[in-house]
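See the structures that follow.
Two complexes, one shared chain (chain A), two partners (chain B, chain C).
On to the complex of A and B.
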């Protein structure tokens, strides 16, 4: 992969993304994230990304409510079931250069070797001993918002079964997947050789996440960065997800607040009965098919004011750190758990938007 | 004297072989104890002689220390009773590792309080439990503050008691209060035995739970004092300190407001140290009523929610909210009433438009 021939893209290095609150992106050793990706490139930007509705770096004032889109016909339901009810750590990924869906087998082979090599560093091992680790890259069909979206990719690290019999199953020790749902704005402005899979979700040991991330960064000249979720966006999630119609496994809408600036730490969990939360949201939300910032603010203010009436505490002065609803739960550190396949696309669409806004 | 050269003749002579389960239990109990506490606890235990204790090599890994202790116990023919006592000593020292629930016993109307007889209590308690369940291990230990600790290991009709999931009961005989931890499904049995043995009529669970046993005692025995700290004495803090040499051109905005907040906060929380509890839970079933301009829900149904506060030291954290600007002063009585009402689980219902905490049952 020669550097000279390709167009250059620069990430805005000096400006903190508004949602990051001053955290340093990966690439330098950070004690907070605990991951040390060795990024060998800095790329310069010759193009500007322009988002449809928003100014640079600002949160949108309105969002379309995703129609509960059934997953596409050829959806891989077993793989998709695997994605649900698991805790995933979120990353944003810049577009990958010269990634090809035809070479997945080759990538699997290379990544297996890389993982084995990294794991063996410092150990005295026989040459050729592969430590029983196998990496597979595969596509996940059906995870698309629009037709222009790139097909999602699943990466799994499995340790080979030590058992002697033939059909002994390998045990998956780490999983990660790339997707991009309705990433139209980004796709339009990216040149041909680039693949946009802006959202990455990882489950498993952080050491594996670091190794896999380093390989992708080196091979496709992209950049991974931890995707944290601001209290503002958590409030959006609380409002939008409370409004979703759910038929089974209904759970309370729970907001968890952490109180800063006092000597003893204090956490406040505020859980609202799902029917009552939805009733409140339905009264607040006026425009069909669309959610506005004012509506989200009003919803949250109503909840704060009901709380204040009882406890005389201003929740608005505290920090919203976690939101749990029937369809998904999200934590400000950038962790997500999705519970219903019906709303998977909607949740991923919102997360893709956050990821893209972080990379711009 | 090395471990390998230790005599085991004592055990063989007497023909006693310590039960393997007892040996394992002692070994695991010693392993739990932090290294620097082991010698002290074994001394308090008073089961191994001074000479025996001196032979233990404390400069080896804990696995080896516990192994040596087991071998010494073998020499002394330890039974489950002695092992249980060691466990009680450990759990008394580390009582804040468990979550304690408070129970209160009541007398029937007209009954008089008899004078307490410890021997009768122990006898009646054991008899009551054993009549219902043969396989139990029961141990007692008294402490200076009139606290009687009871350790119960539960078995079933066919199985021996599980020593690793023992229940602990702390009973202060001069009071109707009992503190119970680690109780799973033997509540009626235990309650019946307690009531019977202590000559009370009834017992019920209070809505009060915490890890800090001493704070729970402070709350129910009213040993904290809201206005003036009478226990854990500290020297009085100077209130009117000489003013620092500050530039007179610097003025403090809202100085009066800040002082008002401080004094109101002191009034509702008291000056003393707050009892230590870790959580409080409120089940709210009140009507939704926002600010007048957000008269949103016109529902006639209550807005149901559950609010949980948690903190390593909840009451101190709540006390610091108003001065930090995150709460009004005075803060809600729902929060400040926790020590007085001796509860940290509440159900709040609407009562004719006035907010009140009804002390409903659980």
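On to the complex of A and C.
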């Protein structure tokens, strides 16, 4: 039936079983120097606590939809607006070791030098001795799901204006941001030395993404991986976003399916009037504010059977590759565009969850 | 041309090592008119050309000399705009420099003017870019150029360009003694943000820092890695993270000792001497290649080390896993190497990584059983012991699927064997250590009895797949050999590993081995049954004198199972009562009426040591040697005393398993002989 972009993992339904997460089974005696010669099982046993309840990438069978905008009052509206209506490529990031919010200026300076050095690599005596590149790291206030979430970080690469005016503005050529919305489970499981900003979104030339990523990896011993979205999770997004109320900028709900054919694959676009889609979803959803896997399946099955009635094509046999709604659009390759600030937190919460399940 | 010939040290030019430029230079020289020696027939023609080119050369030479004289006389600021003279001379210098390079004297003049600050930056930059030596660069020119930098007349960008030029042309400098004395200046300028942050310098300095960290005290940004790929991070101390450097300083103040950079760590004694002040590498993944650091992290209690390693390894395995990629050919070798390193590290640490375990659990269901096979299977053997219910769906079932579809059963069997062995070793270790440590090891709520049950279930699982495999492969001897090899380990667990664990082979393995056409299998089975007996007898004795091991005992069912097998075996091999004395529910007992219908003569003795298909060959040889004149092959002759002779003959043929079995399990002193069965204590 459906093939997922990432390897489909075995899913267990018993998600409600109490987990043993948080327990640290490191009750070993230690010498005063902190050196313990008797331990021989650290690598396999010392880490059981981080497994928590997401053993082997299971997906939850139930998710909560945040009903209202959860942006905090101190939210930086200008920066938030900057995040909207842009195509972002998704990455998951493992916890960063010894990242400090107090050093953002120093990081900006180092990263600027690093980007400049990497850009000039391989040139001996070359024209354009100054690339005029400036990297800025700053916080995005208010972008939090819970109070425990760590503050989001915006990274921008700007090229200095070539114009000789004093007030000529630098042009942003690349931007990326780290966030972690409602990532409590992960946060609780790692020591204080680590900063959990598990979701990274980038917009701009991939070469910059690679440079910035490698600097973070080198400096904070973390790991960046592309975050792709499985058809199953796309279906979740279709259902969850269809159910959200939108007052303005209403767009059609569009699902794109891919049929592997030779020589070229065939894409089927299935657009539904948002009100019709919402009406269908309202008949499917049992408890407001909560979505279950069964409801998502039922919703999609209804859409499939409707399509089959008209076109005699079984969409269930194809692969869902893209979902667009008034809230946001997402592609299985791991690209996302968020359209409404009201639903920003909700969308990011789901993406954070996917990012965390990829790194654990 | 004249000046070029007069170059101070023409031989030096031949010593230049920089390939591209020196190649160009040699090309220019051989093509040059004066160095060419030609055969007389062509000489005249060539001489004509030569004189023509010399004429042209001398006119350009004049232009160059004029230009150089012009630049030499520059004493004040000269703007470029609307200055046709300057533009003309600049163009001359550029075109000649690109054509044939400049003499050391010319370079000296141009360097001086470019760094003096008398010309506009654009002119300086054009001059510096055309400073291409025809032969060498005089050291004195470089020294005076550096002195220009010190007075700060020229702009930062010009200084930068000069430094780049210097690095590119370094090999063309005729002497370097005085230049070496100026390194202090160069290092000083590295502290300058603009000048210092040059990739070339950094690359060079990182190399220095790697070998002589004490000589390079400045902060260098790390080398970058574009693809996340399988380049293991270099083992270097982090100097990039202010948060971390601060921390180290803090420690320094407290301990009054400097930290010891990992780059300098080469010997075990160094590790021991500096273990209290060792800095961690900036990327924990780098420890995989460094056995000294592996020793170190193995004895340091710092959770963050394991977490960093855990995340890095988990993500690397997942990202690089070849069977998730469509175009996997090019990455497979890399991935294999990486898996090998992980495996070696696990062997070194005598412990499996949990990130690796999770990776295997996640990816085995999708594995084709072929890609990186030996690496994957070896890693499987390092999966830490957990409950069988957890292991079965994630590990055993995917492997079993592969096992049934693979034509190379024995390979997988071997792996399962090594897998079980590893588990047994772990259990052995655990039974040796004290209870406090023990409870630590079993953090997944597993007790010793739980672990033992897991191992027992695992052995049952191997028994099950062995049964199926033997059926599928028509009891192939090769396969049987590996399976019985496995049971040779299993039967001795109690005595060899001091563990209260005894699992009998399933009938699907026992009976095919007993009725095998091959004497090796039969002999192996006899030996296994002998060892089972020895283990059970030892357990029974310990039980009786209350010297129980860890308060466990074998169930009476185990004894019963053993007895059923032993009766069937003795019935077949010794008492000639095959198909009669077998009481195993899945055994080979047959109703006498049914046997009669087969019309086979002497059915009952058809599996004794004389008639058994695996041993009949020996019986024939025995008869031929004992009665060479008798060609009828009368097996009935082997009776009484001759039976004993025949037995000795079999033992001499190397059937030691059979010997041990018969001597331990059959009492031949009293008549009629009886089977030594065991009763549970």
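Points worth noting:
Here is the rule we go by: the second predicted complex is superposed on the first by the 294 of 360 C-alpha atoms of A that agree within 3 Å, B and C clash if a C-alpha of one lies under 4 Å from a C-alpha of the other, contacts with A are read in each partner's own complex, and residues count from 1 in each chain.
Simple rule for what comes next: a contact is a pair of C-beta atoms (placed from the backbone, for glycine too) under 8 Å apart; a residue touches a chain by one contact, two chains touch by 3 or more.
Predicted model, so just to flag it, every value in this text is computed and none were measured.
In the superposed pair of complexes, A:117 makes contact with chain C only, with no contact to chain B. When the shared chain is aligned, chain B comes close enough to touch A:259, but chain C does not.
Once the two complexes are overlaid on the shared chain, A:132 sits clear of chain B and of chain C alike. Touched residues of chain A were counted for both chain B and chain C, and C has more of them. When the two structures are aligned on the shared chain, A:270 is found in touch with chain B, with no touch to chain C.
Once chain A of one complex is fitted onto chain A of the other, the partner contacts of A:313 are limited to chain B, with no touch recorded for chain C. Of the two partner chains, chain B is the only one touched by A:301; chain C is not. Shared-chain residue A:359: touches chain C; no touch with chain B. Residues 6-7, 9-10, 20, 24-28, 30, 33-48, 50, 56-57, 94-95, 97-100, 102-103, 106-107, 109-110, 113-114, 116-118, 120-122, 124-126, 129-130, 190-191, 193-194, 210-211, 213-215, 217-225, 358-359 of chain A are the ones touching chain C in the complex. Of all residues in chain B, only 282, 284, 286, 288-291, 294, 296-297, 299, 301, 303-314, 316-318, 320-321, 324-328, 330-332, 334-335, 348, 355 touch chain A in the complex they form. Touching chain B in their complex are the following residues of chain A: 252, 259, 261-273, 276, 279-280, 283-284, 298, 301-302, 305-307, 309-314, 317-318. Chain contact summary for the complex, chain C toward chain A: residues 125, 128-129, 157, 160-161, 164-165, 167-168, 193-194, 197-200, 202, 221-228, 233, 238, 240-244, 247, 275-276, 282-284, 298-304, 306-312, 314-316, 318-319, 324, 349-355, 357-358, 361-363, 365-366, 384, 393-394, 437, 440-441, 443-445.
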